[in-house]
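Chain lettering (A, B, C and D) follows the sequence in which the chains are written, and residue indices restart at 1 in each chain.
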Amino acid sequence: MFELDPHSSYMMPAHFGPRPLSPKASGWYRDVTSMVVPFITDAKKLSAYLPRQFSVAEEAVVTVTYACNRNIDWLAGHGYNLIAVSAAVDYAGEEDTLSGNYALVMWENLADPILTGRELQGIPKIYADIQDHSVIAGHWHSSASHFGNKILDIDVSDLREPSPEEIQAYADKTARGDHPLAWRYFPGISGFGHGVSEHTTFPSENILFEVQVGTGHVNWQQLIWEQNPTQFHIVNALAGLPVLEWLPAIVAKGSTNLIIPERLPRVIR
Amino acid sequence: MFELDPHSSYMMPAHFGPRPLSPKASGWYRDVTSMVVPFITDAKKLSAYLPRQFSVAEEAVVTVTYACNRNIDWLAGHGYNLIAVSAAVDYAGEEDTLSGNYALVMWENLADPILTGRELQGIPKIYADIQDHSVIAGHWHSSASHFGNKILDIDVSDLREPSPEEIQAYADKTARGDHPLAWRYFPGISGFGHGVSEHTTFPSENILFEVQVGTGHVNWQQLIWEQNPTQFHIVNALAGLPVLEWLPAIVAKGSTNLIIPERLPRVIR
Amino acid sequence: MFELDPHSSYMMPAHFGPRPLSPKASGWYRDVTSMVVPFITDAKKLSAYLPRQFSVAEEAVVTVTYACNRNIDWLAGHGYNLIAVSAAVDYAGEEDTLSGNYALVMWENLADPILTGRELQGIPKIYADIQDHSVIAGHWHSSASHFGNKILDIDVSDLREPSPEEIQAYADKTARGDHPLAWRYFPGISGFGHGVSEHTTFPSENILFEVQVGTGHVNWQQLIWEQNPTQFHIVNALAGLPVLEWLPAIVAKGSTNLIIPERLPRVIR
Amino acid sequence: MFELDPHSSYMMPAHFGPRPLSPKASGWYRDVTSMVVPFITDAKKLSAYLPRQFSVAEEAVVTVTYACNRNIDWLAGHGYNLIAVSAAVDYAGEEDTLSGNYALVMWENLADPILTGRELQGIPKIYADIQDHSVIAGHWHSSASHFGNKILDIDVSDLREPSPEEIQAYADKTARGDHPLAWRYFPGISGFGHGVSEHTTFPSENILFEVQVGTGHVNWQQLIWEQNPTQFHIVNALAGLPVLEWLPAIVAKGSTNLIIPERLPRVIR
């Protein structure tokens, strides 16, 4: 008979034992290349997608991030691509008050981190085919598709070195703390009611080797059920957020650590 | 502000609204081609993977099933492949007593049904690249791999029409009811403790157009963490189940319905 | 030292010996599901893409064909998808006079038949990601993409049984002979001049198990070099052919044989 | 009517016009990460795969190279992976006498460069699924598969800086010239006889940013027709070359230029 060890970490199928973690499996993503494209949107429209206790930050910034993750320790050195969309928010819970980026959706092109992200941190990860970024004549590009239908294109060009002010602003922001936020939700059996519904934060640590600043754009498709039956409502909601202003975009290379012992993912209240 | 409608069904990201189901999205998988390869194993070894309240059936049968699912209504007519491994078990709960096939693991090559299967029914689905079946000179074959490393090969050959006794045995078995069983488990935040842990059954309805009986084999690889860091322990556990006897294998074409209104997936106790 | 056997068939790399053909490797594609969508276009525009000795047939018909090929003997029972575009033409050579369908382009999602098709028959095959066809509520669909950018969508719906006249017309057409035509062209080293330039025909034999007639459409994208650097000019040329009338479309299941001993692919002059 | 422009470069389909080359489409592969694993083999066995006029070099070195090519100008900044196998040879033609590496086979995971490589330079390129390299705890790895069946694994570990002698030896070798060699072969129609058969060289220019030296290994599978019907004879031939000694392996990052105006690919005689 199989029994859970209360000191171990399990995911389905649990009956073959705890999640297998080699001594080599740290939290480090050692080779991360990213495009970060933020824009200001309409605060009222954005607020329609925020659950209770979350409110749009003073500046209604939505950030679309592409990352090409390689040399990931917990995946034995393999990698994957992601495209994440998050909103700058304030969280006012009964115990916790903090500001951060609320995960609206994260597409990834590998199921393993989709499952761990959903089940361990509550990040709303779903699948898409995500092109490795192309770079031609200084123009960076990637795109995501599902069932052969494009979801979005993301581009950054006109790259330049960041100014001292931009570097300082980034350092200030980092010093204020990094609070990625999410809503970890599992329904009851068969989809109705709920099994788990809680808000989470899952700090990470980023080291940047190279940063360039440029002009970014994101172009969303409008989709119907027949084209993307599991995600079209998500894509259309994001396509409907107006772009009031594109903020400076970033192309960066660095490393990311998802497991900081003193700041593990936790439930906020 | 976003609020859940208590009468709707949600999955992450929940804040964009309920799961989008078109009127066309029934539970029917209209075009299913499968290879079913059962074998008798060592009951004691198998029992090590069964949680409390489950016990190995009188005959310790493990069944490996490949299915090529096409024309799936809830996926707007798209499809995917799966390779499932289940064990014949008896379940003795406080309220429910039933016999069925306990889902040990199910590999699928599309993330959408992996997420719904895990989160709505508790089926321990994980990802693999699964080849469309090949058929050459009467020999049927498929295989699954992850990160470029083979997990298993599955083959059926020497096909013939089923005997009247075999058809009757199958009808009897179907009449006794179809009880797929699983353990729906979600950990607590960050992987420790648990958020949901319950046993489930999720009946389905099968219509077979063509059935042939033959000789089947499954060949498992032995893997190390470096080759398949998230699944090697599962593959090695299954590779370690001795094959005492191969039972007659089946190649079938038919349709499957996963949503039977009067028999929705439910928690068993 | 390696030497060619003049009685064998070679492809690069030739120095490992002739093309390996098992006794099981016949010319049969045993499981072929296809959508055939013909339309009438402007004869003058179409003629711009026909080399000398080819002229547009009395009716300027362009046919777009999707095929899901499975259980292919020469691929050991594996399969692939294709989307082909051909034009109804008359060929008036010095020795050969015949009517048939000239291969404008054929996208396939597997490199092996692309190489044999180009090098053995001169079919202008190139690569695309081609979705397995989806079928939802009587609507058939597929699409092709490359580098994440859609090339075309193909659809057939409103399916019905063919009329006796349609069956007779098809039989008549088949009796007149099947003359697929192509221009087998290999450049000189480094791309300039030419090594081979000849016209070919490559008869095949088709057995149909099921045929339905319906309404078809093809929707082409307009692309730029950055989106599909090797094929955008092809896609744009085809997108620029006006659709004067959609002819009845077909959805069919059958088998195809590419190797008819007495009618092997040959050069026409 | 379509006519070829004798000053342009064409590939099938030729009737849509010359190969489309943007002003951005130089010969540069701007981001190339490679593992180079050479070994000494049995000269007699190796010579069985060399056509007339080629002979095994003084040292019978076979080199297996994995390359992750990104930011490729002619592919609009996209990329692909390759695994190449070449042999150190001397070429003694009627006009040309030179030493270089003869291309035994090159697997690539994108059809576009397979077609240009075969048709423009005569490189014997064929398709495989090639994993992006993984790096875990200083161990580099990649592998290739086709139809779900592994072809080979390639690994490099124990990396260190190259010694001054190794750097000098590499510079000397480069100064003696870079002569990749191949046999450009196209059969006659239907596969018999030949349309083109000639030997070629196609110089390239390499800039290395980082070089490390380590211990490399290649592990070949033994395959049967049913597993890889178009390539098993190639894989088995290479698996049958004995490894007498592994030479120092290299992991490198750099850029490669395939179009050097004064040294274009040419036929050697």
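Note that a residue touches a chain if its C-beta (ideal position, glycine included) is under 8 Å from a C-beta of that chain, and two chains touch if they have at least 3 such contacts.
All values reported here derive from a predicted model rather than from experimental measurement.
Peer 1: Quick one: how far do you have to rotate chain C to sit on chain D, C-alpha fit, nearest 5 degrees?
Peer 2: A turn of 180 degrees brings the C-alpha atoms of chain C onto chain D.
Peer 1: Is it true that over half of the residue numbers where chain A touches chain C are used by both copies, so same, or is it different?
Peer 2: same
Peer 1: Per the centroid of Cα atoms for each chain, what is the distance between chain A and chain B, given in Å?
Peer 2: The separation of the two C-alpha centroids amounts to 30 Å.
Peer 1: Just give me the whole-number Å value for how far the CA centre of chain A lies from that of chain C.
Peer 2: Roughly 43 Å separates the two chain centres.
Peer 1: In angstrom, rounded to a whole number, how far apart do the mean CA points of chain B and chain C lie?
Peer 2: The answer is 38 Å.
Peer 1: Would you mind listing the residues of chain D that make contact with two or more other chains?
Peer 2: Residues 24, 75-78, 131, 134, 136, 139, 141, 147, 226 of chain D each touch two or more of the other chains.
Peer 1: Please output the residues of chain C touching chain A within their complex, sorted ascending.
Peer 2: It comes out as residues 129, 131, 134, 136, 139, 141, 143-145, 147-150, 226.
Peer 1: Using the touch definition from the top, list the residues of chain A that touch chain D in their complex.
Peer 2: Those in contact with chain D are residues 24, 30-31, 70-71, 73, 75-79, 131-132, 134-137, 139, 141.
Peer 1: Can you tell me which positions in chain A touch chain B when the two form their complex?
Peer 2: Touching chain B from chain A are residues 1-4, 6-7, 9-17, 19-20, 22, 24-25, 47-52, 74-78, 103-105, 110-112, 114-115, 118-127, 147, 183-187, 189-196, 198, 200, 225-230, 232-234, 237, 264-267.
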